[in-house]
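The structure's right below; bear with me while I get my questions together.
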Amino acid sequence: MTHTVTPQTESPEATAPHQLEARGISAGYGKTPVIEDLSLRIEKGRITALVGPNACGKSTLLKSIARLLPLAAGSVLLEGADIHRLPTREVARRLGVLPQSPVAPESITVGDLVWRGRHPHRQFGRRRDEHEDVIIAEALKATGTAELVDRPVDQLSGGQRQRVWIALALAQDTPTLLLDEPTTYLDVAHQIEVMDLLADLNEQTGKTIVLVSHDLNQAALYASTIVALRDGRIIRQGPPEEVLDERTVADVFGLKCVVVPHPYTARPQIFPLGRRHHPQENRP
Amino acid sequence: MTQPPRPVVKGPEPEHPPDIHPVRTRASRGTAVAVLAVLAVAATLVAGIGLGARPLPPGEVVHILLHPGEQAFDTHVLWTERIPRTFLGLAVGAALGASGLIMQALTANPLADPGILGVEQGASMFVVLGIMFLGVTDAGGYFWLALLGSSVAATLVYLIGTRTDAGSSAVGLVLAGVALAAVMSSLITLLVVRDKEAFAHLRFWSVGQLTGRAEVLSQVMPFVIVGLLLALPLGRTLNILGLGDETARALGVRVERARLTAAAVAVLLCAAATAAVGPVAFVGLVAAHCARLLVGPDHRWSLPVSMAAGAVLLTGADTAGRLVLDHGEVQVGLMTAVVGTPFFVWLARRRDLVRM
Amino acid sequence: MTALDTRSPRPDSPTTPAVVAHLRSGRRVRDRRAAVTAAVLVVALLGLTAASVLLGGIGRLDPADVLPAALGMRDGLADYMIFQLRMPRALSALLSGALFGLAGSLYQRLIRNPLATPDIVGISAGAGAGAATALLYAPAAFTLGVPVAAVIGSFVLVAAVQALSWRGGIDTYRLVLVGIGLSAVCTAYTNYLFTVANQQTIAIAMRWTVGSTSAADWDGVTTLAVGFGACALAALFIGRPLATLTLGDEFASGLGTRVTASRVGVLLLGAAAAALATSVVGPIGFVSLVSGPIAVRLVGTERSTLLAPGIGAVIVLGADVLAQHAPLVSPVPTGVLTALLGAPYFVWLILRRRQGAS
């Protein structure tokens, strides 16, 4: 079952080519495809969250549209052009990717690491110029890591480290940023810190952000579009208020829950119901 | 491995008391494998004696073996050359097989092997020291030096290897063994490099070979036999230690002493083997895995089977090394490296060995 | 709206020009430091080369003759010893050390593990096997045949190690283990060749089992010099893709690097460098292991590959001088000394990682 989905919110630039578009893509590891004949449009200037249970294909989808995985079928369009026909450096100037739990080379400093984000913009033999340092400085400032420039990355805390990786992706200076579970392995305060940062970037620079999230509540709080996947298929997609209800959570995760609006933002928040948490069964 | 999944005890009342031998080999299977092992050893014995530059039919080999006193030419050649050599191979192989299995069980490491972990190199190092500075010339003396050297090496490798963060303790031990072996062989080279005669001698000894060691047999045999006898009752201890130190302690085993005893036996066997033929890697590794493939992880069965497998392997490799060249022969240490490496690589590829 | 109000304020956030200035000054400091380190290395190399040539090792030379001979003012024995024995020896130690250092640094950065150097993952053993085969079975093609065979042997080993440790991805430790295994086979094969061949001499056996510079000649120096030039040039080109590969394949791909091509390029380049060095001086151990991390410590990861050849050169040349003159033990093959110095470092390396991790 395939969803060819039309945008469900009114987009001011509905006629412009979508930032990213997957058309009937199939991809996976080895011979068995994880996602099959899947189509998706990512809107410009928004935060899109891919959610779903483990092994539902959300990371595979992200990697496919980031051309980190070869496609078995279909095509991915970046601003209307086939991503696999574009030179890989050209893609890297338009599309930044932050893979899940990246590793820093031993004892590299924050400054040196972030500097590597400039790779797609550099030509062999050219020295770095003033402009590049400004971009790096901006990336460091935006992520609040300017004070850490001279520190080795392996001495940072998890939250600091994740901000440094995002700074690297920012130094790449791309209009679109894809992130694979940017908050895994972080404690909850750092998770919120990273999500706040992404929201700030989206708001201040109009960056298009696509992220894989394992946390429905965070996705609902920060994303403007939720894409819910199960078994390699898109089950529902749209704004959190429309998509996140008891039925979707049951369909996608097989989990009973109560959905309650967030007290300040009115975004839907999930309260899972285990076997012991039904109101009638809980009564003495 | 071939271990069948244990039924998980469900519900509040377990019907049986906990099984002290978590992995039991059925006696019928064990007996069948034991018979097979004896036959294999016998076949290897006959082949090892019969095959060579002057091949003899099996019937004649058996005849000569049963009539040691005859004055025929063949009999004389066999009793001074091939027969001691073959028995030496069987004894050393059995020692290495047992040593390898015990080391693997103690370190919970499928890559453990007296050669790979550098224990044999430690033994060699001390033997060379003894030859050069103490004037030791007989294999009995070699043995005591080798025992000292392999104890030192085993302790060092264990201390270093279990304190690394190299993926898993399996990898850590191997890396520590490689490093130690490199230091030891460099020291050996350093010691003998200006002594041309010793160097020429050592170059052959240091690859491990059975040639020209007939006189060694009687000197080393007692140590090997003692070691093997000490090893045989260890199966039960190893089974319990395999449950983890805490469980073993709860079952009333004095864990430290049990581990130390088992390690001492493994080191003794390794030392005897090295003193007799020089360092031979991979035999213990392959033998132990063959044994476990055949009879499962119950050490009461796999220990003797591993001895038999080691004996067959080493003697077989030696016999094959005699046959692959038209003239001359390939040292058994080289043969076992060629046979053992594919095995080692296959083990290294196992998914559960290294974290992804 | 997102909960912007709750985000923690960053009161002391520096201005962009301040950060830029800081970046610049930091870079200048590190550039200067790299330059100073390189200068020190050059001085050390000059000193060691002079020591090696002037002190010599083989035979005795009247000290009064050494300097004039080195300047080309003597004929006969002095001239012969300086130019045919000592100079080639010093230069081949220097150049092979540089090649080992380069190879090690490339592998350590690519595989992201300080243990994964060409000698540990079996590449050097493969090169040794190739070289020994050519040496014994095609001695006619001696000058070019041996290095070429060594490079071929190392490439075969690269392919074998990669193929055998591939299981839906490369795990570093699996790679190292498979390398150790294959290395054992290659060493067994090389040992076999030399025990079978009757022409074995101690010098040759030493060279091929532990590595030694004592049999150096000008042909070898030429091979090493050309090899080092080519490898260093290639390393300059591949440096930037390699810098992105150190962040992981996915990141590198995201940054616009052609991952497979760059990876194969680095693997083959490192193998070729190690093989060329091995073909002339044999498998001198632990140099490629030690050089890279020392370079990282001195000048940081970014510039380490540039410096590692210098470190390697200092180590081998220093070990070579020591091997000829150290009290009690000399003369010994160079490889014995590097192993004795390198193996304890190796142990420290695997121990230290635990402390870093916990």
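To keep things simple, chains are lettered A, B and C as they appear, and every chain counts its residues starting from 1.
Criterion: a contact is a pair of C-beta atoms (placed from the backbone, for glycine too) under 8 Å apart; a residue touches a chain by one contact, two chains touch by 3 or more.
Keep in mind the model is a prediction, meaning the values are calculated, not measured.
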Check your understanding: Does the chain-touch network form a line, ring, star, complete graph or other?
Key -> line
Check your understanding: When the mean CA coordinate of each chain is compared with the mean CA coordinate of the whole protein, which chain is closest?
Key -> C
Review point. By mean C-alpha coordinates, which chain is most distant from subunit C?
Key: A
Check your understanding: How many Å are there between the centre of subunit A and the centre of subunit B, using C-alpha atoms for each centre?
Key -> 54
Practice item. Measure off the straight-line distance from the CA centroid of subunit B to the CA centroid of subunit C, and report it in whole Å. Key: 36
Revision key, fill the gap. The distance between the C-alpha centres of subunit A and subunit C, rounded to whole Å, is 41
Review point. Hey, what residues on subunit C touch two or more of the other chains?
Key: 356
**Study point:** Interfacial residue positions of subunit A with respect to subunit C in the complex
**Key:** 29-30, 63, 66-68, 87-93, 95-99, 102-109, 111-113, 116-117, 119-120, 122, 124, 130, 133-134, 136-138, 140-141, 144, 146-147, 149-150, 154, 168, 172, 192-193, 195-196, 199-200, 203, 221-222, 264-265
Check your understanding: Along subunit C, where are the residues that touch subunit B in the complex?
Key -> 115, 120, 164-165, 167, 169, 171-174, 176-178, 180-182, 184-185, 187-189, 191-192, 195-196, 202, 205-206, 209-210, 285-286, 329, 331-333, 335-336, 339-340, 342-344, 346-347, 350-351, 353-354, 356-358
**Study point:** subunit A partner contacts - residues on subunit C that touch it in the complex
**Key:** 1-4, 6-8, 10, 12-14, 16-17, 19-20, 22-24, 26-27, 109, 112, 114, 168, 237, 240, 243-244, 246-248, 250-251, 253-258, 296, 300-302, 356
Revision key, fill the gap. In their shared complex, subunit C is touched by residues of subunit B numbered 111, 160, 163-168, 171-172, 174-176, 178-180, 182-183, 185-187, 189-190, 193-194, 196, 199-200, 203-204, 207, 281-282, 325, 328, 330-331, 333-334, 337-338, 340-341, 344-345, 348-349, 351, 353-356
